[in-house]
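Below are structures written as structure tokens.
First chain A sits with chain B, and in the next complex the same chain sits with chain C.
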Partner chain A sequence: MTQVLIQGLMLSGLYALIAVGFTLIFSVGRVLNLAYGAYLMLGAYVYYYLVQSLHMPKIAGMVLAIAVGALAGWLKYKLLVKRLNGDAVAIEISTLILAVVLQSGVVLIFNDSSKILLPIVNGITRFDGVTITHNLLTASIMSWLILGGLLYFIRYTHMGRAIQAVSMDTKGAQISGVDTEQVNQLTWMISGALGAIAGVFFASYTQLSPSMWVTPLIIAVAVVIVGGIGSIVGSLIVAHIIGFMEISVSTFIGAELRGVFTMLLIIGVLVIMPKGLFGREEL
Partner chain B sequence: MEKIFTTRSILLWILFAVVMCAIPFLAGKGFLRICIQAFFLAIYAMSWDVLSGRTGYVSFGHPFLVGIGTYATAILSYRFDMPLIASIPLGILATMIGGTILFLPALRIKETYFALVTLAFMELIYQLTQVVRPDLTGGTRGISGIESITTGAINNYYLSFGLMFIIAFSLWALMRTRLGNALSAIGMNEEAVKGCGINTTKLKLFAFLVSALVAGIGGAFSVHYFGSLAPRNLFDINFLFTIIVAALIGGSSTIIGPMIGALFLTFLLEYLRPWVPGTERFFIYGIVALLLYMYRPSGIYAIFWEVVDKFKGKNASSIKDSTSIQGVK
Partner chain C sequence: MALLEINNLEAFYGMAQSLHGISLNIEEGSIVGIIGSNGAGKSTLMDSIMGLVNTKGSIKLEGEELTGKKSADVVKLGVGYAPERAHLFPYMSVYDNLLVGGITAKEDIDKNLSMVLDLFPNLIDRKNQETGTQSGGERQMVSVGRALMTSPRLLLVDEPTIGLSPKVCLDIARALRKLNEETGLTILITEQNVNFAMSLASHIHVFETGELRLSGPTDELRSNPELAKAYFGH
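Moving on to the complex of A and B:
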């Protein structure tokens, strides 16, 4: 039982970190960035290349990975999202195509065998018979810190409030003097950076492979759908629901079935209450 | 109302059939095998197009439909030794049941959310096929050694072309009726269609069933042609990507477009092989698709008509364009 609790808590932290960048874009731009998983892949590969091939210090690798993620987010906004002019379906399809392009780009550079990313933080702790890797522990602590910081930024800073305003009503925000273009750019950059951090931790939790973007994308989608649009707290709660569900399912029922219940949850929630558990009244 | 069959269009269809039937006399077996792949892709793309290109309900779950068709047919034929005459129709029937399941979320949700649910369907069935009754589905390895309908590239060429041609022609004729118009109208403004007193739920169910029927036919026949199936090849984002891209860059909601798109993409992939072997081809392929989609969302078919009209010296604005997904919005 302790094992389920601890593992569930840590996995949920990781999932929350994966999902939050996606939620942010979804609530501000109102577009589904299906290439979100590619940020995770990019971040993880950049970190892998810098730290494990060039033997740079881990901190430098992390910082550069975040920078690449932010740059990727910014470029995607400038080159793709802006041109398609808010057409949600077109963005959805073109980001899906982009994700496949990036995946093959990674195959081109790093070939398609999966690689092991060494733990970012070494060591393990035993607690009540449960083994906790410091790596996953750091990931979940980091995710709590980042989420806390983000929540503070969104709620209490000027820029954060502007982001919130744009997420509620773009035109209204414009009338009130918010530079929506700037807000959008910033949000896409933050989302890319968050994706890159999540990617490094996710890759060290599982492994590095060119198709690694699919699973986190689906987790992010699940969290956002079940949590509801525009609710960061909602996605946090749902990340925990999904994290604990997966751990419980793989402990008590069978590890093969862990994904099945997540999918059933997405389908069920969307069919029964399309606006999600904590979402705003819309759709 | 427009006449469904004009002499000119019928002649064009016949010409198309004659040209395609002549190819085996001119080309080698390798070329024919590429064509067969393209034909199956065209069937899937048309299936996607009937549903998503027309009604605007973007489906990311087409691998789910195709997968049901292939799995059902393969299991019935390989595990239960059923004759082809029974396994294929039953497989198609199973796909239509799958289409009805896929339809349920469309009752309440739209656009991006709908696409996501269908994506979840695809992931769900991918995980289920590996876990539930692996003795039937073959688990992660899938099934191989499935009986084939005919042997030889030429026979299979005619078989797959025949299938594609019949499907394309029937869909084309269907879409020129009032029913087809109503489906396109849903894509443009569903509320307005409802306001005209038309039962959109029935229409949507119809579109899903037709789409599933076509996907099922494609899936059931292709598994007998390829002789094997594996869950990772079937329920895969790359497969989904190929279907959607074929339909979109060919020209969605045109029936002919997805066919052109499928042929173009399959041959692009094959002819890139000498220069870029391996999965890297998807890189170029993806970039081509992305650029075409972003700058020419109405697809190759529309570009073709633009060129034709330019030669005829017509005004470029008279093209029947903007029926793509982007235009619909």
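Moving on to the complex of A and C:
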């Protein structure tokens, strides 16, 4: 029981971090960024290359991975999303294609075998018979800090309120003097950066592989659908539902089934509550 | 020079043209009314001033061309807008809605906030309420308040009385008049409610299917037989 509680809490923090960058884009741009999982892959591989191949310090690897993620988000907005001018289906299809192209790129550069990303933090602690890796513990603490910082930014700064405003009423934001172009660029950059951080932690929790963008994308989509996007707070809650569900399933039923229940949950919510548990699309 | 000079303005939604050769001036310190029935082009005129619609022709604020500018820049130049249906941020509090309005006038936020709460005292107790749960009248007040947070020299108000009780209409009229008298703010207001517009405005322009039909001082238009026939039914 303690095991489920502790592991569930830590995994949920990681899932919340994975989902929040995706939620941000859906709320502001009204589009599902299906290449979101590719940011995680990009961040993870950049970190792997810098730290495990070039032996750069971990912190430098992390900072550069984040910068690459932010740049990728910005480029995607500038080169693709903006040009497709709000056509959600076209954006979603092209983002999915982009993810597949990136996957091929990763295979080309790193080959298609999976790789172990060494723990960002070494060591384990035993607590009440439960093994806690310091790596996942750090990942979840970092998740909480980052999510807290993001919530503060969104709620209490001018730029953060502007992002909320665009997500709730674009015309209202424009006529209040919000530069919606600037908000869009910034949102895509933040989303890319969050994806890259989440990717490094996610890869150190699982492993590095060219198809590693799929699982986090499913988690993010699940959070979006089950939460009905909702607020950032809404996605935090849903990330916990999914995190605890997966840990319970793998503890009490079988590890192979953990992802299946997440997908069943997606379908169940789609059928029973199409608007999701929280039922709104704004931040 | 008038504060706002509109010259031969045409507005387009795709292929459809919604304004045809509109020319009018708004003098600094005045309240000007635009009346016209549904679809006459009142909101299109205001959206055109804000840079939200494709236009031809010219719109100048104190000589500076506004056409081709994005809304945020029009706001910075001094145009505040309380649009039809308010376009508030429904899951944000009254206070946060007002703060978003202050984004281009950060140094004036404290001053403008106390001015807005002074103008609409019933918002004081509701500062933390989400605007999505408010009544139409309260939302209209937040909408005007948010526009005032931009420190405007020209305030555009689009059909503020739609769906509101006579009592709330009076409150809003009182607030707009007070603003104009005490701060000299220039106000352009559109209305289907002719009496409301005439009670406030010194000048009236009558729109019909995207064209300017009649213009003049309110006192003269009141006795204009064409207008009387169209709007007062006698």
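One rule holds for everything that comes next: the second predicted complex is superposed on the first by the 279 of 283 C-alpha atoms of A that agree within 3 Å, B and C clash if a C-alpha of one lies under 4 Å from a C-alpha of the other, contacts with A are read in each partner's own complex, and residues count from 1 in each chain.
Operating definition for what follows: contacts are C-beta pairs under 8 Å (C-beta built on N, C-alpha and C of every residue); 3 or more make two chains touch, one makes a residue touch a chain.
Only a predicted model underlies this, so the values are computations on that prediction, with no experimental measurement involved.
Chemist: Check the residue A:D112 against both partner chains and state whether it touches chain B (first), chain C (second), both, or neither.
Modeler: first
Chemist: Considering only the touch criterion stated at the top, classify A:H158 as touching first (chain B), second (chain C), both, or neither.
Modeler: Touch status of A:H158: second partner only.
Chemist: Report the partner of chain A that touches more of its residues: chain B or chain C.
Modeler: Higher number of touched chain A residues: B.
Chemist: Does chain B (first) or chain C (second) touch A:I93, or do both, or does neither?
Modeler: first
Chemist: Is A:D169 touching the first partner chain B, the second partner chain C, both, or neither of them?
Modeler: A:D169 sits against chain C, while chain B stays out of touch.
Chemist: For A:A60, decide between first (touching chain B), second (touching chain C), both and neither.
Modeler: Neither partner.
Chemist: Residues on chain A in contact with chain B in one complex and with chain C in the other?
Modeler: On chain A, the overlap between the chain B and chain C contacts is residues 283.
Chemist: Which residues of chain A touch chain B in their complex?
Modeler: 31-32, 80, 83-84, 87-90, 92-94, 96-101, 103-105, 107-108, 112, 214, 218, 221-222, 225, 254, 256-257, 259-260, 263-264, 266-267, 270-271, 274, 283
Chemist: Can you name the residues of chain C that touch chain A in the complex?
Modeler: Answer in residue numbers: 50, 52, 70-72, 75-76, 81, 83, 86-92, 96, 99-106, 146-147, 149-150.
Chemist: Which chain B residues qualify as touching chain A in the complex?
Modeler: My answer: residues 56, 58, 60, 104-105, 108-113, 115-117, 119-121, 123-124, 127-128, 130-131, 237-238, 240-241, 244-245, 248, 278-283, 286-287, 289-290, 293-294, 297, 325-326, 329.
Chemist: If we count contacts the way the header does, which residues on chain A are in touch with chain C in the complex?
Modeler: Against chain C, chain A makes touches at 158, 161-162, 164-165, 168-169, 171-181, 231, 280, 282-283.
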